[in-house]
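Both complexes below contain chain A, partnered by chain B and then by chain C.
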Partner chain A sequence: MKNLEVSEKSKGVLIFANNTGYIDYTTIAQRAKILAEHYLKLPVTIVTGQDLINHRYNIDSGKFEAWHNGGRYLAHELSPYDQTILIDGDYFVFDDNLLKILDVVSDYQITKTNNYVCSQHSNQMGQYSLDTLWATVMVFNKTPKTKMLFDLVGAIERNYQYYRDLYNIEARNFRNDYAFTIADNIINGYSSDSKNYLPWPIVSVPGPIDSLELKGSNFYLKTAGQAFVLPKQNIHLMSKAWILSDECQRLIEAATNA
Partner chain B sequence: MRKFKSQVGFLTIAQNNDITDYLELAYQQALNIKATQQQHEFAVLVDAATLELITDRHRQVFDHIITLKTDWAKNESWKMSNEWQVFYLTPFKETIKLESDLLFTRDVGHWLTGLRLRDICFSLYCQDLYERQVKLSPYRKIFKENNLPDIYTGMYYFRYSQTSADFFRTARDVYDNWQQIKNHLMLVDDLPTTDVAFAIAAKILGQEHCTIPSLDFFNFVHLKPQILGWNETQAVTDHVNVEWQDNIVRINNRNQYYPVHYYEKRFIHATR
Partner chain C sequence: MTTTTENIINQVKQATDFQINKRALQEKIKIDLHLAYNGGLFLVDQTLLAFLSTWPTDELFVEDVYGNPIKCLRTELLQQARECYQSVMNTWHIQHEELRSVRKI
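Coming up: the complex of A and B.
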C-alpha cells in the first residue's frame, strides 16, 4: 500500500548538448530525447551552453574538430530531478531497463563495461592506467556522496593536465569518461566498489554507419565491410553524421510508432 | 615430540647472494609485520654466511634467528633448495611462511580461521594491482604444459601435522631427485623453483589436501611486470606512482589491501 506521507521522488533524464561549428549536438540530443521519453516514460531535460574548448577525433570526417564537452560536473546541480538518468546525446534508449536502476541505486551507478560491436578496444586510460568507466550512461541520486563525486569531476576538469599525469592517461584531450573514472577511484578510497557500476555493459557502434534498421525485435546494422544483427536494446552510436541523417529520423519514428 | 616456541608466527628465509641483500628485505618485512599484525612473532632462517651479517639492529626485530644445519643451496646463485626445511626448523606450531619481498598493509590474523581448515594451505592464484585474479600467469607456462596445480609459495600456511610432514618430505624428495624428475617434464629449468617443486609435491599428495579454492581472501598482489600486463623490463617504480600512507601502499592510485609481493628488490628504498 502506498504511503501517502512520503512524497514521490522526482525522476527524469538529463542530456548535455553543446553545438560546435561542425556538429549540431542539440539536434542529436533532441533525437535521444524522443526515444528516452517514449521508452522510459520520464521527462527529459537538455542542458546546453557549456563552452569548454576541447577537440575530438571525428570518426565521420577523419579530422580533429572542436568539442565542447565540459561542465558535466554541473549535472548534480542542474538536474531538476531527485533521481537522474544522465546520458550522452548519442546514447539511444530502446528499452526501459534503466528504470530498474532507479529502484536500486544508492548514490550513483556508472557504466563499467563498453562492448564495441565491430572492433576490439583497450578499456584502459593508458597502458599504465586504470580501466575506463563510461560516462555515456549513469544514474544518480542527489546524495552527499554523489555531490562529492560531481564536485571532484569539476576539480579534475579544471586541473586535467595534473590528473592526466598522475593517472598516466595517454589521451591529451579532456574526456568525461576519464574524469568520472578518476573521481570514482578517489571517492571510494583509492579503490573500487562494484555497487557503483551498472550491472550490464553498454553496446557501442564506434565507427561510421552505412545503415541501421529496426525489424521486429532486432537491429540490422551495416558498417563498412561488416553487418550485424543485434537484439533490440539501448545503443551508443558514435557516428554523429548518421544520427543527424534522415535514416536515423526514420528509425526513431519506426521505433516510437511501433 | 617437537617443542615449539610459540603457537603462531611468520617465517622467512634470508640467504644473501651476490645480487640481493635478503637479510635487509627480511628486516624490513619484520618491521612491517610488527607494525601491521597483532600476532607478530617473526623468525628468520639464515645460512652460516648470512648469520655473520646479523647485528644488534636485526636482533631487536627478529624474535627467532635459526641457522640452517645443512645448506642445500650452497652452490646456487638463486638459493631456493632449502624451502623444504622450513617444516623441520620453524619455531612455530602454526607457520605463515613468506618470501622476504612481501609486505602487509593490514592485519591478517582473521585469516587463520579459514587457513586452519587445512593442515597446509597454498593460494591458487595471485592478484594484480586492481584485485583481479591472475591464473596461469605468463610466467607459468611450465604449470600449464605439465598440468601442475597453479599454487603460489610466496605466502603459505602450515601447521605441525602428518599432512604437512608428508608434504615437506615429498618436497625434499623432489629437490633431491630433480635430475630424474625434470626428464619427465616440459619447459623445466636446471634447478626447480620453489613454486614448481611444491606444485609437484602438491600434485603427488593431491592438491585437495593443500588448497582451498573458496578461500579467495588468502592471496597477495604480485608486482611482476607481465602479471601487470607490461613488458618484462618495465619496473613498477619506474612507471607508476607509489605512495605510502601509514601502512597502506598506494600503487598507481589504488590502495593495496592485500599483501604486496613487490618482487623488485629496490622497491622499499625507492618508494619510502
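Coming up: the complex of A and C.
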C-alpha cells in the first residue's frame, strides 16, 4: 500500500574519507562509491577534510599509524539527503538489501551484530561495558531524535577521555563505534531499543586478505591459512592494503559489469 | 622444508569447510527473505506464509520484526511474500548445490 499523500524523500549514500600519510582513504571511498551506486542505484556523496588526530593498528603493516576518523557526527548536518545510508569506506555493497531499511526506518538504525568471517571477537567495549554497536553501516532520517544522537556523538568525541572512563572502555583511541554505542544508550534512557538496530548482521573480513575473487554468485576468499566460499553480499573489508590493490579494482569491475 | 611438505601445507590452506560456507550462505539468504511492506519489515518464512494463507479476513494487523503491528492487506502481502520466498529459495537451492561441489579454492 503506497500512501500517495506523502512526498518522495531524497535518498542517498554518505561516505567519510580522510587521507593519512599511510593510507589513501579517498581512493578506498571512491571504490566503495562505485559499488554503492551500482547496487543501490542511489547518489553517493563522499565527505572529506576532517582532521582529528588519532591512531589505529594497521592489520596489514602490523604497526600503529595515523588515523583521521573524527567528524562523523557531522553526517546529519552534511548529508544532502532526507534519508541517508552512512557507510564506512571499507564497507562494500554488493546487493540492495539496505534499500529495505530506507522503507522502514523511523529515526535511525545502526548495526548491532558484526560477524567476523575467520575468527571470533569480543563484542563489548570493555569487560564491564556495553555491547559495541558498529558505525560501519547506519541508516538515518533527518529527525529531531537523530539530530540529538549525532550532537551527542560530537560531544562524546570532544570529551572522549571522560566517556571512556565512564563506560569502562578498554581501547584508548577514539572509535566512532564506541561514540555511537554510548550516544544510543543515553538517548534511549540508558537503555536500548531494538527498532534502532539493523535486523541482520554485517559480515566482516578482519585480517589481511591473500585473495578475493568473484566467481559467479560467490566470493572465493583466501586469508592466511583459511579459505572460504561466501555468497555475494555486502562485506566489510578491513584490509586497506587489499582494497587499494589491483585485484580489488578487478573485483569491482567484475561485479559491476556482471 | 621439503617440496612435499610445502605441497601439503598449500593444500590445507586451500581447503574450505563446507559447514562454514553453508552457514554463511544460510545467513545471507535469511537477509534476502526480509520484505518491507507498508512501513514494516517482515521475515518471509513458512509461518508467515501459512498464517496469511489461512486468515479469514482481508485486512489485518501483523507483527513485524521490530515488534510493531503493521496494517496489511492480506492478499497483497501474501502475493509479495510468495514472490519473495519463491525467488530467494530458488537462489538458495542453486547456490547450495554449487557449494556442495567446492572443497578447495
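FYI, the second predicted complex is superposed on the first by the 251 of 258 C-alpha atoms of A that agree within 3 Å, B and C clash if a C-alpha of one lies under 4 Å from a C-alpha of the other, contacts with A are read in each partner's own complex, and residues count from 1 in each chain.
One rule holds for everything that comes next: a contact is a pair of C-beta atoms (placed from the backbone, for glycine too) under 8 Å apart; a residue touches a chain by one contact, two chains touch by 3 or more.
The model shown is predicted, which means the values in this text are computed figures rather than measured ones.
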Clash-or-fit label for the pair chain B, chain C on chain A: fit
Partner chain(s) touched by A:Y128 [first = chain B, second = chain C, both, neither]: first
Partner chain(s) touched by A:L166 [first = chain B, second = chain C, both, neither]: first
Chain C versus chain B, contacts on chain A by residue: C
Chain A-centred angle between chain C and chain B, computed on Cα centres after superposition, in steps of 10 °: 70
Partner chain in contact with A:Y220 - chain B first, chain C second, else both or neither: second
First, second, both or neither for A:L78, with chain B first and chain C second: neither
Three-chain overlay, closest Cα atoms of chain B and chain C, distance in Å: 15
On chain A, positions contacted by chain B and by chain C: none
List of chain B residues in touch with chain A within their complex: 130-131, 229-230, 239-241, 250, 252-255, 257
List of chain A residues in touch with chain C within their complex: 1, 95, 97, 100-101, 103-104, 115, 117, 194-195, 199-201, 203, 216-218, 220, 222, 225-231, 233
Of all residues in chain C, those that touch chain A in their complex: 12-16, 20-21, 24-25, 27-32, 34-36, 38-41, 43, 64-68, 71, 73, 76, 91, 94-95, 98-99, 102, 104-105
Touch list for chain A against partner chain B, complex: 127-131, 166-168, 182, 185-186, 189-192
